[in-house]
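Have a look at these structures, which come just after this line.
First chain A sits with chain B, and in the next complex the same chain sits with chain C.
Take a look at the complex of A and B:
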């Protein structure tokens, strides 16, 4: 019994070592697979940064206190990236397509406000992008309301009393980057494990494994550990960028490590399973990209999935990416994105991990080599 | 002891040897296709046994069932008394395999390939280094131990695959087309290694398309076609039993009396290639004078030779097809 265990341990170690050595001989692929998740992080962060605030020029033809207050109200609307320009400069910028809108505060703004006369604030919009156009259309009236609430508190009788669920707001980037960490785990796990398995079939070396007295469990676990070690490099790089460069510090370090390992295990097992079934690296890589990205967008990467329609919620909860995002958002931000509780989310992921490892070992039947 | 006497002693020893492989009424079907059809065979310990058959005849399927890579649809396979269905792991421990595709990790070095194999087969760590060195010496690749297998020639890869199969000192070695795609020099070297194994008491099972190889190496041969056993015997007995004789003739002018020759009692086949005739017979006692008589009525007989049939001709006769069809 002990001898058998020692032998299995040796097989696991040998398979792990061999897969790492094999992968390291394909240097370009290894480098790409390490930096691909980081590339996702940068790409999606840029997407958020570029889509966050609408660049807007304000032409201040009046510099009185009310005009200034109106400008401040716009500045706090969370929609504009404001800059003050002259009328001619602003015109040049919008013509060149470098800003979305020009807001012109007229020269008699203060005087008209003081005399309770209507004021017309000119808003010129480059409506090339509906998203930005709608931001401007929403934010200008909001700024007017905010201006009146601050300048004439007695005029606006409706006020809000905000009670926040969490102690502090979380920016879009800190929220999204944690989700991107999950896609990094998905991609690196799938790519490393899937190609390591598919390579054995492409090169017909699966026969060497299957003709040995080693158990398929030991072979699968060894191969998965090899992929785990290689994926870890990508994950450490993404985590380092996330924590030390973007500055998203985890609230629960232990959870980050545990949930990261659990998520890696799931997608490495998934990769091993798919690689064994597909048996071709190129086809597998196409499938990995084809499935991982939709899953990522579907699973609450950009915001809690519970804010979406019932149908999307049901679909998202079929896949482990959803639970991984829920758990990582808790680990980093202490968020509770569903009502199942931490334990249930962990149990669901553990069940996925166990199921996929068992499936990966089952599909590695000796008879599949013969056929 | 003379060479002949030594061969007789070795043959006697093999006839008394225990069975290394027993196949009893073995069948393997894929849907309606019967890849192996009620095959019964016995391979004795210490012999080199050849499985001969055209592509798709069921050789590799048979070998896959012996090694546990494929489960028989019905029938039994025992290797050294172990049932392949229940003791597949034990069988793989005593089996050294050289698959047709070599199954080497080409991106890794020769040493790393053998080191990995040693771990898979649980070779004691203390012995590992020495055994790998010895095997690399045997297959004459020690000086290339740190080279990637991908840089090796076809012959070198075959030698390394053979070395890897021998590393865990198996009792049974199977080689699937061991010299496919290698040059004549490398083929000779591989034959020498295979013969060396028999000298050490190992059982060797070979599948091959090369009859010359089968004749040079195998103590016994099984000819299979469409998954069925056609014949099994030593190469010499096969020739005696199924061969008859072959008469080669060169005539002055192409003969037109082919039907007359085919009608002679004892003639199995007559083939004409211009002025050259190849006549396969079941015996030559009365055939040659009658042939000469027929030829001389048309013109002069230039040349005549009588020889034993080769395995190609026996194979053709038994299966009605060429081996490499």
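Take a look at the complex of A and C:
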């Protein structure tokens, strides 16, 4: 029994070393796959670098005090990145696609407001898609109510009295980059483990492994450990950038380390399983990259999944990415994104990890030399 | 004596295309992700821009009920009417972003022109959701006042002019960048692997020892990668058409196909260049995919480039995919040829440059 264990330990160690050495012979690929998670972090962050503010030109045909107040109200509407321009400049910018809206404050704005007469503010919108367009359409009424609240507090009596759940707002970038971290872990794990497995089949070196007396699960664990070691470098780089450059400091450091390791384990197991099933590194890599984007959108990266449609809620909870995002958001920001509790989310991920490792070993056992 | 170039091109074309078609796993791996991505976008489309909120109406007076109706009609929320206890439970179980409460004395206060706050408790997890609520509640309030017509105390009104003839839903809007991503990914990966494989498996030797002209070999390889990429792009466009998401009209079908062809040609040329330069499939795959994603995201991804910071807009101006997405948007959503000349020129020049690089790289590889 003890001899068997020692033998398996040697197999695991040997497979791990072999995979690391094999990866180091493909230096270009290994370097790219180490920096890949960082690339994902950078690229997906480009989605939100604008902070959701609509670049808008304001044409101030009236520069009186009420017009200025209206401009200030717009500036505080959490929706616009304002710049003052002339009408012709604004027209040029919106036509060239540099801005998305032009707001024109008419020349008689102050006079009409003072005499309590209706006044129209023209808003020209580059209505490319309804999501962005509606943000602008709603932001202007917000500016109007804010303007009246300051300029004529007795006239418009209905206001908003806001109470926030959390003491401070979390910017969109600090929130989203934590979700992107999870996808980066997914990519890193899948790529390292999947290509290592698929390569064994492509190069037919799997034959020697399968004909040896080594147990299948020892081979699988050895391969996974090799991928884990390589992924670790990528993960350290990503975490360093996220924490020290982007400036998202975790509330619970221990959770970050623990959940990161658990997530890596799951996707390394998943990559090993898929690589064994697909047996072609080219197809596997295309699939790994291609599924990362849909998974990112499907798994509550932008907010709690319960805010989404029922269909997405059901589908998201099938994949471990969702639970990993929930846990990392708790680790970094102390957010609670579902009602399962920390323990249950961790248990789910552990179950995935165990299940995938067992499945990978079973698939390998059922693969034959003829494959 | 050299062989007939057309026969050589045809032979290389058939060979590479057959290899691509026979590799069903690769085919599925290339096609599945964009299709899954489109499906995810469609499934989640209903929720975009409409936050789930609980509405508690404590005032049964006319103004309170009117306000309640306005919130329902405003179509800015997905509303659940609830009691205070139910609303708190929904907030606690993260079923709603916010609880909006119309207080019991709302009608009284509005009639007396006293301060009448609508209470909003927000789960301010991130600024995206929070700002949606901060915009949407005042939007409903202004609609409440607008309903009073000329008696409304709010004299500032909005006159909206849209640059585009129609609004496009977010999931429809994201189909075109997805097609462009597919074209870039497929073109780069397929052609780079097809090129690199010849060196890796040493079949380039047989090709060079044959009477086939080198130009014919290169053209055959480019043509097969272009064809597979172009067909994939057309397939997704047709799928969008069948689903009613992307429906070009009349001549704009031709424009759309032209743009797809140009993007496919450009990505194929780049892929051949990379494959012939690196001559190993594994690194070529990784680099191709990275390059494809970088080009895609720097061209604005599925977002609106005008929303991005100026530095990113300036970078996007140098990325050919920006022009591809723009031309497709104009043709498919607006049946317009706005700046089509510019877009076609940029894409054509880039396709020619990419093909030139591809040819040079293959020639150097062959020579070495």
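To be clear about the criterion, the second predicted complex is superposed on the first by the 354 of 371 C-alpha atoms of A that agree within 3 Å, B and C clash if a C-alpha of one lies under 4 Å from a C-alpha of the other, contacts with A are read in each partner's own complex, and residues count from 1 in each chain.
The rule we apply is simple: a residue touches a chain if its C-beta (ideal position, glycine included) is under 8 Å from a C-beta of that chain, and two chains touch if they have at least 3 such contacts.
In this text, all values refer to a predicted model and were calculated from it rather than measured experimentally.
Student: According to the stated criteria, A:39 is in contact with first (chain B), second (chain C), both, or neither; which is it?
Tutor: The second partner, chain C, only.
Student: Thinking of the overlay built on chain A, is A:163 touched by chain B (first), by chain C (second), by both, or by neither?
Tutor: A:163: touches chain C, not chain B.
Student: When the two structures are overlaid on chain A, which partner does A:13 contact: first (chain B), second (chain C), both, or neither?
Tutor: In the superposition, A:13 touches chain B alone.
Student: So in the superposed three-chain picture, is A:207 touching just chain B, just chain C, both, or none of them (first/second/both/neither)?
Tutor: first
Student: By residue count, is chain A touched more by chain B or by chain C?
Tutor: Counted on chain A, the partner with more touching residues turns out to be C.
Student: May I ask you to decide whether A:338 touches chain B, chain C, both, or neither, giving the answer as first, second, both or neither?
Tutor: second
Student: Just chain B (first), just chain C (second), both, or neither: which does A:26 touch?
Tutor: Both partners, chain B and chain C.
Student: Please report the chain A residues shared by its interface with chain B and its interface with chain C.
Tutor: 26
Student: List the residues on chain A that touch chain B in their complex, please.
Tutor: 7, 10-11, 13-14, 17-18, 21-22, 25-26, 203-215, 366-367, 369-371
Student: Residues of chain A touching chain C in their complex?
Tutor: Counting only chain A, the residues touching chain C are 26, 28-29, 32-33, 36, 39, 43-44, 46-47, 49-55, 70, 77-79, 94, 97-100, 112-113, 116-135, 137-142, 144-148, 152-166, 169-172, 175-176, 195, 199, 278, 280-287, 289-291, 293-294, 297-298, 302-304, 306-309, 311-312, 315, 335-339.
Student: Note which residues of chain C are touching chain A in the complex, please.
Tutor: Contacts found on chain C: 23, 25-26, 28-30, 32-34, 36-37, 39-41, 43-44, 46-49, 51-52, 67, 76, 91, 93-95, 97, 109-110, 113-132, 134-139, 141-145, 153-164, 167-170, 172-173, 185, 189, 193, 278, 280-283, 285-287, 289-290, 293-294, 297-298, 301, 303-310, 312-313, 326, 329.
Student: Within the complex, which stretch of chain B touches chain A?
Tutor: Chain B reaches chain A through residues 30, 61, 64, 67-71, 88-90, 92-93, 95, 97, 99, 101-108, 112, 116-117, 119-122, 148, 164.
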